[in-house]
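Read through the structures below before going on.
Two complexes follow with subunit A in common, the first pairing it with subunit B and the second with subunit C.
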Partner chain A sequence: MEKTTSTPKGGLLGQSRTRREFLGTSAKVGGGIAAILATGQAPAYAQERELRMLVWSHFVPASDEELERQFKEFGKQAGVSVRMDRVAHLQLPAVLAGEVQGQKGHDIVNVSNSNPHLYSDHLEDISDIYGEIGADGGGWTAETMGKGRKGEQAALPWYFISFPLVFRKDLIAEIGEKVPDTWEDVHRVGMKLKAKGHPLGIQLAHSADANWINRGILWSHGAKLVAEDSRTVAVNTPETVEAFKFVRALYKDCMEQEVLAWDDRNNNVCMISGKCSMILNPISAYRAAVRENALIPGTQNLIAEQIEHVIPPKGPAGRHMCASFVGVGIWKFAKEKELAKEFLKYHFQKDNQNRLLVASKGYNQPVLAQFADHPLYSSDPKYAFATEIGKYTHSLGWPGVPTAAAQTVYDQYLLPDTLAECATDRLSPEDAVAKLEKQMKRVYKRLNRKY
Partner chain B sequence: MNSSRTMAMDASTDPAVNEAVRNRTPVWRRRKTTYNYLALIPFVAFALFPLYIILITSIKSDQEIANLGQTPFWATGMTVDNYVYLAEKTAFFEDWLINTIIVSVASTVISVSIGILAAYALARLKFKGVEVFGIAVFVTYLVPQPLLFIPLIDVINFIDDIVPIRDTYWSLIITYPTFLTPFVIWLLLGYFKTIPVEVEECAYLDGCSRLGALRRVVLPMAMPGIICAVLFAFTLSWNEFLYSLVFIQAQEAKTIGVGVFTELIRGDVYYWGSLMAACFAGTIPIVVLYSFFMDYYVSGLTSGAIK
Partner chain C sequence: MEAVERTRHDLIRPPARPVLRVLRKMAGPDIDGYGFIMPAAFIMIALVVYPFCLAVYFSLSDAFIGEESQFIGIENFEYIITEDDIFLITIRNTLLFAFFSVVFKIVLGMAAALLLLKALRLKKFLRGSLLIPFVAPTALTTLGWWLIFDPTYSHINWILENVWPFYALGIGPYHWLGDPDLALYTCIFVNIWRGLPFFIITILAGLVSIPEHLYEAADIDGATAWDKFWKIAVPLLRPILAIIILFSTIFTLADFNIVFVLTRGGPINSTHLFATYSYVTGISNHEIGLGAAISLFLFPILVMIVIGLLRLVRRDTSYEL
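Moving on, here comes the complex of A and B:
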């Protein structure tokens, strides 16, 4: 052991070091670091005022570009530097969780659906600017959105992403049918089109679309996952069983097995490739078909010209669909809270909101009444559904509000999983609903205590 | 010895000699070689198929990718548009690739340096708790990253308050060794144990210190294991996603994995062509590295397994 520090031919890196010298040097280095730590003084360049915003990578890149333009413009006017960061939408929860844990990060953050409820303790109450912006914009059309656990406004509703029925008008015309208006129509038309090799495509797998669309089907059949108090599981009803039976019939008669393994992109691919006749999806499938100049197989005809959208089908209990409601909030630990509020007021001005909506090509569906009938939607028949769909669109947790428990049920894909088990006859509709209820009760019991 | 090797090399490159050797090779041996190579074909095809599909998809137009009526195994209208998109519309070549190389090289150097010293100590030195340390290293390696990233954020934020490292690759260079070092130690521990201690004792007799013996005798003998550890550490760093996602959001500081996800996956819209181009371009450095050190890699993996 002694040889380690006292060597005839030199120690580490060929230089002689006694143990005493080694300890002396280590003490000096350690002392230096301790001195830096003790001052806790950040370099001057880090102390400049900077407003930082974190958003997801938007489905339409031009929307990000317009948002960044506005952000920079605001920074120029306010005399501060700004930085807009983006992450993919599926990775956003991990980044938010990291920022909350460290109590450090961006000032303005993209908090959607149940996140304002989940992060209520960490988000600034912005009820003041919520009221101002709502009054200027003709009122909010998504009044339950962005609420914290105490009813405070933890985030501003930003826009929502709806799920119209997307269909190939040429294929429906070929079989002499009219555009489906009810879920029964979808079933009937879907059966005929599947026989012609053009199935219906609704995910019964671990994907966001599966969560949104299948909630819509349940609600249209009079079923609900949770009661109006947002805390009581209310899924085990005859209506839910009927809805499960209907989804099973849709799967067996109108769809192919592949929907059991689909993620969010697969229904787009199925539609753009010319295979699927109907899907439920935001306009991204159509936009992708336009961008890729996708052709109808075996022809030189553009598939985008044959794609149309209508409001979601009606069920026995009416027309209902679930949608993603995107919000924007300010962390309590943000360094520039006042500046962040100023930016949000600037960003929600009519002109800026208008530009963002246009840049997103209508993808960002407005939550302020003054934009509900935006000219963009009347300029293109493909978007005709957009002015109406808001009436039938609800958030996660409906008929209650989006809560952390509702988000957990969503994140664990409890509904798609039990529906898939029912559709593939691994569970009867009654057993599948009972299983869903049991799983949901476990989640709500735990989270109702906590939140 | 050198002259005899030179002669041997001259002989092997002489076409006449090669022809003579071929003529003298028995038929059964040539047949056996042919069968061996034939038997390898399905395995090679299986292993390379994903890479092939990545390459083919990356040179297809968007229209062709969307067309399920066409064969996925060949591109009819080849294009470099996807690579051009990657170069012009994203920071792939400009920032992400360079950041990934810097982070991977730096964290590999740090981890392997620490790992060599730690593994050597655990393999050779006799001190109280050495066995427990060895097991602790292994257990540390088993802790999943999604559990570690939360406390590590506090560490990074603490350092960031003093020296701004958030949103720079330094946050990764500091954190990657937390999962690389246990792995390197675990790999090299087994390897060092296979090197006879007598060789080291000879070095001590010749006047070497412990560290001198390590540097002059043990490390050269352990080179296959070390290269194996380098390759593994480099690949793990190259592919790491979670820390990179959580510690870095600035576009210009991202690594390939996170950058590609951010720019080329937009909700339910996947930019398939550019994604595949990014996958292919991002694979090349790893392929080059492995092709140079494959022999070391294989022997490093197997030698450490036995005593």
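Moving on, here comes the complex of A and C:
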């Protein structure tokens, strides 16, 4: 008679096992794991095709929901399972770096601004679908975005977040002025409104907005940080000195010292609280004012009704603004490259793009000319600027492409810092520009050698 | 008979196999001890030694995230010292940040500990509540300070502008985070606020452990309160002070959260510390080699500080009646 050692039936651990059964099961499980580890492959029944996508966690959750809906719908049609992972935008660089370092991860990834150039060796050349999608959508409005180091299309431009001039129409009417169309208008109107306690708000600080807006001011004055080849520092010119002088005048005459410490939230707060008269910002300040039913201080009037947007002001060299361009690419080490391309083609169809735009409440501004004239924008005067602004908005590194060096200049806040030194009279405009040139040459010398 | 010749040791331990016998001969009688510490040593090597050696290698290489790297000697260090002006500002900021933070924490920590030693009412409540800034997550409490120092709606500025006697005296408002000459000291203030409880509680524990009879003997000899503080309390607290100064110096030099939340290194780089600048360079800019060189720059100085303070700890102070 076989003797068994048994544990009580049922109980906390559920079904009981004899010692012999336990050892047998353990051996099978252990052997199975050892085999998977040795071959580096999961058993056949676990190898379903799966398309995986990594995106930043959008600040409008409905945008993520719509994207996920489309992704699942595509998966259903293609007969594959799909998985979408979202990370906070500040964590995205570290996750991308980890995937590149380990050469495994998602198939489709969210690669913005300079990432396509930085990860050029690890991103699939998708020039074929770039051309196809562009032709269907009436052409791309951001031609420098998504380029790799050899000029290949390493990512598709996805959408951009623009910087129109946001202003209080009631305050401008009170001083008998018209809506500013040029930077000189902004200076004149800003000076009058600051005297009435309603300053202009443009960050000269370690913030993303400071980087975008001040590049726009420089470009509008005919200055550029780098030449068209994306490698030669071209900042030390009379035009840049003039632009620095202009920013100094804006700071002294129209702004307050607090802009030296502002982050990307502060200009919104300043506008919604009724203090600021003008800022340059995406539509988030207006949306927040609507959401919070913010009132003009001392009145029962909604501040949102008085907030308007227009395309960025014009300078001596025209109308230019810089913005964050969000892109999407496919890793070279992706398991499902063809499927990933198919999804991108599906996602960039007009209907799907329009749905994403609506879900994002207009934040995700299209980079395809045909999609820019969306009813969401044309039906609401507050958004009228949006159909046009793409023509004047450029990516980081313009007139070149966004490169690793351009990103370093951005991340080290070299432009906002030198502008702040000039604005606060720590350096003359000429010395501030010379300092910026020296710092940029240090960065470009180092990174041109590498990339 | 053979069995009679066995020693007591052999009776306890079964006869070793030849290989083990050779190993025992080589490693001495403590071979079992090595076996026991092996798991801990393995964890230390995997989690401390290996990452440190990797960081040292990175600092001596042209490593970029996702790229193959090459050994370039001390080129990264040469670059940050001779060419990178932001790094030179960072050195100045870090040293000022660590010096003022640690000095104020010692002075204020000692004063508060002496007060708490004498406090009779609410003693337990005061001692417990003191730990809150130290226990709460730094990023969260710093967000609170960020709102207090908000460039547009600073609570402190509101008080200075609206509460008597401040508005009568015309003090402020100040741009706590926007003024390049003031922002670093604002960050230092928050660091002191956060680290002070650790100093107070540790010094208080040291003060409590000093035998009462030493003070009584000093009283009989006619010592003043000042004498008792300098000649009894301070010498006996020396080992504790050395340890907390050591820990505080290391943590302050490596501080990241406070500056990253409050100023992100601005305005005009006036608050960048080694940790924040290293993060920007190594992670945001992908120059992991350069980032490692920035973060390891102070390592030799830190080692000297550690050695000096540990020597101070070993010099013991004792009194006999």
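One rule holds for everything that comes next: the second predicted complex is superposed on the first by the 403 of 451 C-alpha atoms of A that agree within 3 Å, B and C clash if a C-alpha of one lies under 4 Å from a C-alpha of the other, contacts with A are read in each partner's own complex, and residues count from 1 in each chain.
By our rule, a residue touches a chain if its C-beta (ideal position, glycine included) is under 8 Å from a C-beta of that chain, and two chains touch if they have at least 3 such contacts.
Computed from a prediction, not measured in an experiment: that's the story for all the values here.
Once the two complexes are laid over each other on the shared chain, residue contacts for A:Lys450 go to subunit C alone; subunit B is not touched.
When the two structures are aligned on the shared chain, A:Gly151 is found in touch with neither subunit B nor subunit C.
When both complexes are overlaid on chain A, the residue A:Ala88 reaches subunit B alone and has no touch with subunit C. In the superposition on chain A, contact is made by A:Ala97 with both subunit B and subunit C. Applying the stated contact rule after C-alpha superposition, one finds that A:Gly138 touches neither subunit B nor subunit C.
Once the two complexes are overlaid on the shared chain, A:Val269 sits against subunit B and subunit C alike.
Once the two structures are overlaid, the count of subunit A residues touched is higher for B than for its counterpart among subunit B and subunit C.
After overlaying the two complexes on the shared chain, residue contacts for A:Phe59 are found with subunit B alone; subunit C is out of touch. In the superposition on chain A, contact of A:Glu421 is made with subunit C only, not with subunit B.
Under the contact criterion defined above, the residues of subunit A that touch both subunit B in one complex and subunit C in the other are 94, 97, 101, 269, 273, 275. Against subunit B, the residues of subunit A that register as touching in their complex are 1, 3-4, 6-12, 36-37, 40-43, 46, 54, 56-61, 83, 85-91, 94-95, 97-98, 101-104, 106, 209, 264-265, 267-269, 272-275, 281-282, 284-285, 287-289, 291-295, 297-298. Subunit C contributes residues 62, 64-67, 79, 83-86, 150-153, 175-180, 183, 263-269, 280, 283-287 to its touches with subunit A in the complex. Those residues of subunit A lying in contact with subunit C across their complex are 93-94, 97, 100-101, 118-119, 121-122, 204-207, 257-263, 266, 269-270, 273, 275, 404, 407-408, 411-413, 416-417, 420-421, 424, 426, 438-439, 442, 446, 450. By the touch criterion given at the top, residues 62-63, 65-69, 125, 149-150, 153-154, 156-157, 160-164, 166, 204, 207-212, 215, 242, 245-247, 249-251, 258, 261-263, 265-270 of subunit B touch subunit A in their complex.
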